[in-house]
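To keep things simple, chains are lettered A, B, C and D as they appear, and every chain counts its residues starting from 1.
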Amino acid sequence: MKKVKVGILGATGMVGQRFIELLENHPWFEVSALAASERSAGKCYREAIAGRWKLESSIPSAIGALEVTECVPELDCTLVFSALDASIAEPVEQAFAKAGYVVSSNSRNHRMEKDVPLLIPEVNGDHLAIVTEQKKRRQWKGFIVTNPNCSTIGLVLALAPLHKKFTLKKIMVTTFQALSGAGYPGVASMDIIDNVIPYIGGEEMKMETEPQKILGRLKNNQFVMADIAISASCNRVGVSNGHLESVSIELEKKPSLDELMDALREFNPLAGLNLPSAPSQPIVLREENDRPQPRYDRNEGNGMACVAGRIRECPILDWKMSVLSHNTIRGAAGAAILNAEYMKVKGLVG
Amino acid sequence: MKKVKVGILGATGMVGQRFIELLENHPWFEVSALAASERSAGKCYREAIAGRWKLESSIPSAIGALEVTECVPELDCTLVFSALDASIAEPVEQAFAKAGYVVSSNSRNHRMEKDVPLLIPEVNGDHLAIVTEQKKRRQWKGFIVTNPNCSTIGLVLALAPLHKKFTLKKIMVTTFQALSGAGYPGVASMDIIDNVIPYIGGEEMKMETEPQKILGRLKNNQFVMADIAISASCNRVGVSNGHLESVSIELEKKPSLDELMDALREFNPLAGLNLPSAPSQPIVLREENDRPQPRYDRNEGNGMACVAGRIRECPILDWKMSVLSHNTIRGAAGAAILNAEYMKVKGLVG
Amino acid sequence: MKKVKVGILGATGMVGQRFIELLENHPWFEVSALAASERSAGKCYREAIAGRWKLESSIPSAIGALEVTECVPELDCTLVFSALDASIAEPVEQAFAKAGYVVSSNSRNHRMEKDVPLLIPEVNGDHLAIVTEQKKRRQWKGFIVTNPNCSTIGLVLALAPLHKKFTLKKIMVTTFQALSGAGYPGVASMDIIDNVIPYIGGEEMKMETEPQKILGRLKNNQFVMADIAISASCNRVGVSNGHLESVSIELEKKPSLDELMDALREFNPLAGLNLPSAPSQPIVLREENDRPQPRYDRNEGNGMACVAGRIRECPILDWKMSVLSHNTIRGAAGAAILNAEYMKVKGLVG
Amino acid sequence: MKKVKVGILGATGMVGQRFIELLENHPWFEVSALAASERSAGKCYREAIAGRWKLESSIPSAIGALEVTECVPELDCTLVFSALDASIAEPVEQAFAKAGYVVSSNSRNHRMEKDVPLLIPEVNGDHLAIVTEQKKRRQWKGFIVTNPNCSTIGLVLALAPLHKKFTLKKIMVTTFQALSGAGYPGVASMDIIDNVIPYIGGEEMKMETEPQKILGRLKNNQFVMADIAISASCNRVGVSNGHLESVSIELEKKPSLDELMDALREFNPLAGLNLPSAPSQPIVLREENDRPQPRYDRNEGNGMACVAGRIRECPILDWKMSVLSHNTIRGAAGAAILNAEYMKVKGLVG
C-alpha cells in the first residue's frame, strides 16, 4: 500500500515532537512536510529544534534532515496534523482546509464549532459525517477535524461506555495534570518543585463543555449536546507525563458495581478495524486499590489506552473512580493520528 | 507564671519531633518528659533520634540531653501530648488518663468515641464539656482529648464559618496530601518520583466521618452528628508538607460570593483569648486565581492558619474552592498544642 | 536452539525484577526457577511480589504463575542470576556454585575475591579464565562470576578504551546516583525531596577498588591490579534511574581531544559476537554541551550503553567529562545477563 | 541611629526579591527606592511584581506600595544594591557610581576588573582599599564593590581558613546547583524532573577564576592572583535552594584532620564587628557522615553560613569534603548586604 503523505504544522513544539515520534514507521502515513514559525523556516529540522527536542526517543534521522517550511498551504501532502498554538491556529488551519487539505487538529480553536467534529473514534465516530456540511457551508475543498483537550479525552473515553449503557447525569472531576501539558518551556521549575498549582488557565471551561459535545448526538446535521452537568477543578502537579483524574459520577440507571466494571471492560468499538494506533483495549481496568498511577500506567496501550481504577461508591453522587491517560499521546498527538486513521478507513483520507 | 510540665508520647516520630519544635520556648508549657518505644528508652533524646530528626530546625539543646523513657504513666508532668502510632495508642493513652494525666492526642484511636472530644477550638470548643462525662463514666482521674486527622482539620476549619451561617449539606473533596503525612520512612521515594498515588489507607473514611462529629452538637452529654453528606478521594503527591484540597460544597442557605467570602474573613472565634499558638486569622483568603499553593502558603500563621482560595461557582453543588493547611503543624502537633492551650484557659489543665 | 534454563535468586527485589523484565523473550535463556526469601517461598510470583513490582512494564504472565522457592541449590536450571542482598549472598552463592550451577552474581560479596572474575565483557573478558582456578581451588562443580557495582560499571566502561590506548594514572569521580540504586523501599521520600544526600554507605570504597581489578591483568592465574589512583565522592539525587558521574582523569600518554573521542567512538570489542544484550555501541558520545542527562540518555542501547559527553580539558588532571549509565540495567541485571551471554559463547554455559 | 537609605536595581527579579526580604527591618538600611526595567517603571511594586513574587515570605507592605522607577541615577538613596541582569548591568552600575552612589553589586560584570573589589568580608576585607584607586582612576564620585558568583562564594568561604593556614595549591569541585540560581522562569520543569543537567553556561569559568582574585593579595594597588589551580564541573539538580559542592583540595602544608577541622571551626574574622547579617559562625562543621544536605542545612545562620562536612582523605589530592551554602542569600543578596554592612563600619557608606 502506498503511504499517505502527511505534514505537521507546529512541528517544533512539544506536541509536534510527539507527532514525529508516533509517526515514525507508521504503516499508513509518511511524514513528508514539516512546518513551523518563520524563525524555523528554511532550516533542516535537526537544526530548527536544536536543544529543544524533549522526548526520551531520538529524532528519526530522516526527519532530522527534512527542511522546515512556513505554515502555508503549499505542503507536499494530503493531510496535515496541527499542533499549532491557539494564538495562530485558526487562520492557518482554515487556509489549509480551504486549499483542500484534511486538517487533523489538536488545537482548541475549532473544537466547539457547530460544523466541526470533536472526535474520539471509540466514542462518536458518527460525528465525522458533519464534515460534508462543513465543506459545503464553508465552500472548502478540505476540512477540519479536531480532538479533545488533553484532560477531557481520558475522562470521556473512560465514561463513554457508562453513558451509553446507563446515561450520565453528573460528572465531578478534579485533575492532577502533568507538566508536559503546558508545552515547553511551560511551567517553571521554581513554580512546581515541592508544590502543586491549583489552576490551569482555561482548562476547567474546556472540561465542562467538550464532553457535552462529544457525548451528544449528531441529528439533522446539528450537534445536540448531552445533558450532563460537569464540574471540573484543574491542578498542575510535578509529574512529567500522564493526567490523573479523580472522578465522581451520577448515572440515570443504577448499575451494580459488576455491571459497571463489565461495561468498562467490554468496551471496544474499534475492534476489527485494525487501526494502527488503536490500543487492543481502550479502557484498562486495574483492580489494585492504589492504581492507576502516572508513572506506571501512562504507557498502557502505547499511551493510547486510558486506565481506570478505584471504582467505589460515592456518598454524594453514585460512583467514584480514578482515571489516567497519557496527555501528549492519547491526549494530543496520538488522538489526532487515531482520528486520521479512522478517517482513512472511512474513506475520507487518501 | 510557672509553666505547666508536659510530656510527649512517641517523641521520636515525625509528629513527636514537631511537638518538640513547636514547644521550644512555649510561654505556657515546658517539656519535662519524653517517652518512646522500648528501643529508645534509657537513651538521651539526641542519641535516640540519631539520624532521624527530619525537621529543618535543629534539636533544641535542652531536649537533646533529656532521657527518653518508656510510655508508662510515671512521667514528671501534668499533661501528655500523644503522637503514638495507632497500633499502640489505645491502651497507653487510657493508662495515662486513668492515672490522672490530661492526654492531648493526635492519634486516631479515640477520636470517634462517644465521650471523647474531637476538638478544633475555633469550631467546637464547647465539645470539651464531655470530658466530665468521660471521667465519670470511665472512673478516670485524667481524660483524653483528640484532634482530627491531618486532612480533616483544614477542611473543617475552612468550612466551619460557612456551616455556622449557611448550613452545609454536602461536601465533595479530593486531596493532594503531602509526604510527611505518612510519617518516616513513610512513602518510598521510588513510589512517588514523577508520580501521584491515588490512595491513602483509611484516610477517606476518616474524612467522611470526623467532620460530622466536629460540626455536630453536644446535647445532653451526647454528640449529635451534623447531617452532612461527605465524599472524599485521597491522593498522595510529591510535596514535603501541606495538604491541598479541592472542595465542592452545597449549602442550605444560598449566600452570594461576597457573603461567603466575608464569612471566611470574619471568622475568628478565639480572638481575645490570646492563645500562643492561635493564628491571628484562622482562615486566610487568597484572591489570586492560582493560590493556595503548598510551598508558598503552608506556613501561613506559623503553619496554624488554613488558606482558602479559588472560590467560584460549582455547576453541580454550589461552590468550589481550594483549601490548604500544614499537615504536621495545624494538622497534627500544632492542633494538639492549641487544644492544650484552650483547655488551659478553660481551667482544665494545670 | 534449545534455551538454557536459568533461575533468579532474590527474584522479588528491585534487581530481581529487572532480571525478569530483561529475560522476557530472551533468545538464549529461559527463566525456569525463581527463588527468594522464606517469606515468599511457596507462593506464585504474582502473589509473592504483590504491590512491590516497581517497573513500568508488567509482570510477564508466565513468570507471574511460577512458584517461588527458597534459595537452595535444587532449582531446575543450569545457571542462576543472583540479586541477593549482600547480607546473605555469600553462603547461598557458594552453595549453588559448589552444587554445579554457574552463578552470575550482581552481589558485592565475591567481587574482590582473588579467584572470581569481576567481569565486563567489553573490558576484561579474558579474566573469565580464572574460573578454572576457582573450581579447582574450591573443589566446586560450578563457579561464580560477578559484575561490578552499579556506579563502577559505567565509569570503567567509558574509561576502558582510554586506559587501553593511553594508560590511566588518576581518576577523580563525583557521582549523582539514582534512587533505584538503593533498592526498595530504599531512600525515604522525605529524605530526598528538594534535597541531595552526599553519602552512600560503602559506595566510595567500591568505586576506588573495583576498577583496579577490572582494568588490571590476569597473569599466572593471579590478578595484577591496575596502578590507578582513584578518588570517589558518592551522592544520591532525586532521579529514578541512571547514575550520572562527573569525572576527571590523568593519562600517561597525552592524546589530543580528537584522539580521545575517536578512542571512545571506535571502542566495540564485542562486535561480531552477536550477544543479545550487547548494545550496538557500548559507549555513545554526545557532543551537545549539556548531555548526558539521566532522563534522556539512560535508555541508550536499551539501557546497556554508557553515554559520555562534555569532554574538555581539566586544569588539574588532563580531561574532564560526564558519564551516564542505567544503574539497574547496565549497572546490575543487564550486566549479569551480558556476562552470562558472554560465558555462553565462550563455552562455559549450557 | 538614622538609617542609610538604599535602593535596589533590578528589584523584580529573583535576587531583587531576596534583597527586599532580607532588608525588611534591617537595623542600618532602609529601602527607599526600587528600580527595574521600563516595563515595571511607574507601577507600585506590588503591581509590578504581580504573580512573580517567588519567596515563601510575603511582600513587606511598605515595599508593596513603593513606586518602581527606571534604573537611572536619580534615586533617593546613598547606596544601591544591584541585582541587574549581566546584559545591562555594566553601563547602569557605572552611571550610578559616577553619580556618587555606592554600588554593591551581585552582577558578574565588574567582578574581575582590576580596580573593583570582589569581596567576602570574612576573607578579603582588605581588598576594599582598592576603591580609592577606582574612584581616582575613573574619576567617579561613587564606586562599585562586587560579591562573587553564587557557586564561588560558599567554596571560597569554606576554604579561606585553610588557605590562610596551610596554603591551597589545587581545588577540584563538582557542583549540585539549585534551581533558583537560574532566576525566574529559569529552568523549565520538563528539563529537570527526574533529571540532572550537567552544564551551566559560563559557570565553570567563574569558579575557576574568581577564587584566585578573592584569595589573592592586594599589593601596591594591584591584585596579585593566588596561585591555585582550580577545576570546576557545574551541574543543575532539582533542588529549590542551596548549592552543594563536592570538593577535593591539595594544600602546601600538611595538616592533620584535627588541625583542618579546628581551622574551620575557629574561623570567625568578623567576630566583634556586630554586622547584622554576619552569621555567628561563618563555617558550620557537621560531623554526621551524610551532611550537609540542601534542605536541612541551607538556612544555617539565616542562610549566611556555609556548612561543611564529610571531611576525609582524598586518594589523589589531600582532602575531600562537601560544602553547602544558600545560593540566593549568602550566594547573592545576603552577600551584597554583608558587603554594604562591612563598608559601613569601615566608613565607606553613609
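Quick notes on this one:
Everything that follows uses one rule, which is that a contact is a pair of C-beta atoms (placed from the backbone, for glycine too) under 8 Å apart; a residue touches a chain by one contact, two chains touch by 3 or more.
None of the values given here were measured: they were computed from a predicted structure.
Comparing the CA-atom centres of all chains against that of subunit D, the greatest distance is found for A. Remark: among chain pairs C-D and B-D, C-D carries the greater number of C-beta contacts. Rounded to a whole number, the gap between the C-alpha centres of subunit B and subunit C is 48 angstrom. Separating the CA-averaged centres of subunit C and subunit D is a span of 42 Å. Look at where the CA atoms of subunit B average out and do the same for subunit D: the two points lie 41 Å apart. Residue positions of subunit B with contacts to 2 or more other chains are 193-194, 238-240, 290, 295-296.
Residues 51, 56, 193-194, 240, 288, 290, 295-296, 299 of subunit B touch subunit D in their complex.
Against subunit A, in their complex, subunit B makes its touches with residues 170, 172, 174, 176, 193-199, 208, 229-231, 233, 235, 237-240, 244, 246, 248, 289-296, 309-310, 314-317, 320, 322.
By the touch criterion stated above, subunit C contacts subunit B in their complex at residues 14, 54, 179-180, 184-194, 238-240.
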